[in-house]
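One chain, chain A, links the two complexes that follow: it is found with chain B in the first and with chain C in the second.
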Partner chain A sequence: MDSRKYPLYFSFPALLVFLLFFIAPTLVGVYYSFTDWNVHAQSVHWIGLDNYAALFREPRLEKALTNTLVFAASVTVLQNVIGIALALVLNEKLKLRNVLRLVFFMPYVIAPVVIGYVFRAIYHPDHGIVNRALRELGLGALAQDWLNDPKWALFSVIATDLWRVSGFAMVVYLAGLQFIPKDLTECAAIDGASYWSRFRRIVFPLLAPSFTVNVLLSLIGSMKVFEMVMVLTNGGPGYTTDVFYTYIRSTFSMGQMGYSTAINLVLFVLVTAVGVPVLMLMKKREVDL
Partner chain B sequence: MNRRTRARLLLLEAVAIVCALLILIPFFMILVNSFKDIRESALFGLSLPSGKWQFGNYKDVYEQANILRGFKNSFLISGLVVVCVNLCASMAAFVIQRRDDRTMKTVFYAFIVGLIVPVSIVPTIRLMDLLHIQGTYLSIVMYYTAVLLPFSVFLLVGFMRAIPRELDEAALLEGCGYFRLYWRIVLPLLTTVLVTVTIVVVVSVWNDFFGPFYLVTDSRKWTIVLQIFNFVTLYSTNWGVVFAFMVIVVSPVLIVYLLLQRYIIDGLTAGSVKG
Partner chain C sequence: MKKRGPIPLAVALALAAAGLAACGGGGNGGGSGGDAGGAASSASQPSDSAAGGQADGKAKDPVTLTFLIANTEDTAPYTKIFDAYEKKTGNKVELQSLPGGDYDNLIMTRFSTGDLPDLFLMQPGTKQYVKLRAQETLHEWSGESGVWDNMVDTIKQAQVQDGKIYGVPYGSTGAYGIFYNKDVFAKAGVQPPRNYQDLLDIAHKIKDAGVTPFYEGVKDGWPTQIFYFTGWVSDVDPAIGADGVEKLNANQLKLTDIPQLKDLFEKQKKLKDDGLMQKNVLAGTYDELQNEMGEGKVAMAFMLDGIISQLEKKFGKDFVRASLGFFPFPSDTDSGTAMITPPTQLMVPEKAKHRDAAIDLVKFMLQPDNVNSYYADHPGIPIFKGATSTLYPAQEDIKKYIDEGKSQINIQNRLTASFVNFDKTLQNFFIDGDTDKAIQDFSDNYQKDGKAKLLPGF
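So, the complex of A and B:
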């Protein structure tokens, strides 16, 4: 049968919405990033590379760039480490296995904004339960003003996001573990392989598909972080936790539309530069399997 | 099972329970503090209210914020996006996978790119303005549909491969048209994937803040998440009431999660494992 007979127009509604509301704003954004578009001005003028020249002179861009990358890298690495660890533990014959899985995934279905507010209370320097627990344990010296101390703020935001997303990684790894034949690890155990070498030589290589997918999803997702940072620190103190989307938001609220579009475009380039190679790698591996 | 393995399992279970408490404590904190008065709730403790239980906090939320309207908006927007995404994505996936020519491959890769790159939000506002739909339900529904289509198309194309072409051929030989083939044969066979798409859409739209924050200026069209944001900005002096609001926002989600746990967990992770 001729596959060309399948009518093209079936794809039109999806294409129309996607092109009009996703691709078009991106392309229009390229144009606006070269203009002085501002809510306070009457007309929009082409100003060439002025926005970018100004942007790359601003130390704030460097802060946003470093913070976004540090945030994305830390969340990606730690989410996967915690996710694998939890999956391995919950793959054992524990009595509460199902309840525990349910609990670990729970934060993932809650709005990040709400989680942000709860953790603002949890990190409170005087009453928050983190510092209170530290004092109870006699570790009062370790208590910090978690969200207002430049040394700790980014760390605290990262920890909060890990609280939210680790359960997701766990579930992806648990699904991957189901595909590993039991006799494979059992044979190795009988041959005297230690737990660690069984993990390194058998389990982890077979988890590769789950691993690549998880890395890709958390890298891309965490570079687009917004709500969590906005609610917890709003980029502060100073710009120590400022990320791309909080930067965009503040220039947007000052009415500098062209400028904030330029920042959005820099993020676009960054995510593409990181995301596309990882995606290619993933596709290549798919063929190999 | 020998003694050593059993001891090891007990130890692992104990560690896992301690970790689970780290997840549960914040939820417990929201709940107990929602019953405390203005002074006690500001201490963010984990103990039960020392004085009278302040059920009035919930009444305050109900009176000060229009939560019913917020829920209605969240419900309406999620529902419309579910319909749009499921329809558009399944129709597109149907021909993308079946034609499988160069044009459709290009279309498919365009959607994949949409899976990675971030939205340009400020030009999106401008575009809605040019189309004269800025601030309407239509604008936010179209925005979400566009953002969620790439993932849904990607997932559905993968599952279309599992539906044998022989089915199409038999139906077409019998004189069935392409639309009926899609509607009566392909779509019913995709039901399980469409459930997945629906779950992903509902969880993303219901919890999202980014979209309505930029695109919906009219407070009558605010979703529940935008309402809590605004509420905290205005009433952050009384944490008891804020915590009560959080309970109101979080509990429906948790109830649905507990009822449909298997589907939700499988649904949200399906794209990553099977795709």
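So, the complex of A and C:
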């Protein structure tokens, strides 16, 4: 194999774009979070930690933080469980395998806003298909006001997002499964290993790179959830499904740019604090054949 | 199998930074406009060659003007006027309809980024001047000829702040109150109430007749606020007077210290607790309210007069003419005060690309023929002397209160700070029914907005 390396300057165009459109705005954002930047003010002043002090006194932050973490944890775990299960089933020789793969992946290519509007109709307490189906099945007692009852609203948003993203996890796991040599599982089967044992001892460890990618993308993506909550509940009823981004939007609408940026920075710290250790941990347990 | 090495920390940090940069998209969207005035100054200077017309009225070099309007407004009357304007001048008007819920925010963002329209329609009141920092950004109209000749003077005076006028009122006087289905009232054998207790008695009779007395659009949020704005003019204004409003403006009076306001929260709670609102009240929307009211399944709604044109679209003019009525929020002692809103206002950014043509367009819109054309498509209580408008009976009911001097302008238009997130406060209130918490939240958010707008006293 040719051991020559490409020269470093090959990376400069990409680094320049990254610097201009990601790193620079990030640093500017950090600066503005320490200012009183406000659309009603004539100038911007450095105010130190005032935005953060006000933010941590705000009860709405606690709700947004809790909901964001609950949403992220639920979606990350369930998306991967459903994704692996679908990938395992659709990796078998089934007649409709390709059609089913397409069907399960399709929601991922539909815009979240469109999905949100469709599910608003599906969850409608009187005319929605969920409650109508429950009533037709004689399970009317289970019918709920899915999006407007504080007990169910966040659960309904999570369920909708799972429906949207599970197909994506499935595709990544399917790709991972293609790289696992059949002989390994076949040998184990001949030696009498059960399906569960083969999955636990062979398939899952070798799926670790796909697992890492899926968990990380899911974790970061779901901590930044916005459109789905916005369309389905707008953070409501009240603040019961408020997440970081609906909170940021609300303060942004009031023209409090510096304060909004401070909330954004808290989210950044949160994503980093959760994402980086998870990434380190999972990379450690990855194995190569 | 061999263990793979840990991923470089730099890659992990870069990934997280990318996450933040993406997050920052919203926050930095207006980033270039940290100083709105400064950003706006980078916009192109007035370079309007179109204003200078030729002898036939056509511009030498026709331009296309950008006109922004909220999508909650009916655009039909404007389109007709703009067609006439194009025929006369050759200038086209591109009408951009923006989401009503975010309209103010979108306008402010466009100002911050220097993406200025030539002309836009804005909510009424001088508080919009503060929001848009009018003295730096908007054209001043007080000395402009051909604008004020036919305007009703009280409407003009409501636009004046420190001797300056930055918005030209256009449209009609609006009203909030209780709109009701006359057929349902006839079926239940009831009449519009003489006082608040009477309203409750009527509601119970309607419920006994098998019809839902009230509908509240709690999911949409904003409709639930109307109860308070209509109730304010009947219950709160008589108690605190103009002096109290001034104190609220200066933050010398707290909303939590107004017992009549707390009483309004109690009244709305009682309507819900007594089962006088629709079932699944948390799922209520404005759209469904119109359907239920038009179909006679709901008797009354605390609503703005925009519902008239919506019901006309869905159920026809005959329905609105024959079956829709209006009465104000009744006080404890009488039939109450009608809550009116000044008309929306036309504004022209001082640094708009086609500023002079936009000013000409405003003057064109104010010509009597065009004003009448507007009212023909969008009947309402006129704000121009000599204008003709065929009012619906519900609008006649509103006008009757105005003519009798039993009307008061919306408290929102009299205060500079806004009742932000009031819809959220009320959604929470519908969930937990905690009056003290709701009024505290209401007051806190008012204070926050005053501070955010850097108003004196906050």
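We adopt the following convention: the second predicted complex is superposed on the first by the 261 of 289 C-alpha atoms of A that agree within 3 Å, B and C clash if a C-alpha of one lies under 4 Å from a C-alpha of the other, contacts with A are read in each partner's own complex, and residues count from 1 in each chain.
Operating definition for what follows: contacts are C-beta pairs under 8 Å (C-beta built on N, C-alpha and C of every residue); 3 or more make two chains touch, one makes a residue touch a chain.
The structure presented is a predicted model; accordingly, all values stated were derived computationally and were not measured.
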**Request:** Spot which of chain B and chain C makes contact with more residues of chain A, would you?
**Result:** B
**Message:** Contact-wise, after the overlay, does A:Tyr32 reach chain B, chain C, both or neither (first, second, both, neither)?
**Reply:** both
**First (chain B), second (chain C), both or neither touched by A:Asp183** = neither
**Asked** Which partner does A:Gly275 reach: the first (chain B), the second (chain C), both, or neither?
**Response** both
**Item:** Contacts of A:Asp191 with chain B and chain C, given as first, second, both or neither
**Value:** neither
**Asked** Touching A:Pro125, do we find chain B (first), chain C (second), both, or neither?
**Response** second
**Message:** On the A-aligned overlay, A:Phe22 touches which partner chain: chain B = first, chain C = second, or both, or neither?
**Reply:** both
**Asked** Does the superposition put A:Leu147 against chain B (first), chain C (second), both, or neither?
**Response** second
**Request:** Indicate the residue numbers of chain A shared between its chain B interface and its chain C interface, in ascending order.
**Result:** 18, 21-23, 25-26, 28-29, 32, 124, 220, 224, 245, 248, 252, 257, 260-261, 264-265, 267-268, 271-272, 275-276, 279
**Request:** Quick one: which bits of chain A touch chain C in the complex? Just the residue numbers, please.
**Result:** 18, 21-23, 25-26, 28-29, 32, 37-44, 124-126, 145, 147-150, 216, 220, 224, 234-240, 245, 248-250, 252-257, 260-261, 264-265, 267-268, 271-272, 275-276, 279-280, 283-284, 286-289
**Asked** Residues of chain A touching chain B in their complex?
**Response** 1, 3-8, 10-11, 13-15, 17-18, 20-26, 28-29, 32, 86, 89-90, 92-96, 99-115, 117-119, 121-122, 124, 127-129, 132, 163, 167-168, 171-172, 175-176, 209-210, 213-214, 217, 220, 223-224, 226-227, 231, 245, 248, 252, 257, 260-261, 264-265, 267-268, 271-272, 275-276, 279
**Fill in**
Per the touch rule, the chain C residues reaching chain A in their complex are 1-4, 6-7, 9, 12-24, 26-28, 30-31, 33-37, 102, 104-105, 108, 112, 130-131, 133, 218-219, 221, 280, 282-283, 420-421, 424-425, 427-428, 430-431, 448-449, 452-454
**Asked** Taking the complex as given, what residues does chain B use to touch chain A?
**Response** 9, 12-13, 15-17, 19-20, 22-27, 29-30, 33, 42-46, 84, 87-89, 91-92, 94-96, 98-101, 103-104, 107, 110-112, 114, 116-124, 126-127, 142-143, 145-147, 149-150, 153, 165, 168-169, 172, 178, 182, 203, 206-210, 214, 225, 228-229, 232, 239, 242, 246, 249-250, 253-254, 257-258, 261, 264-265, 268-269, 272-273, 275
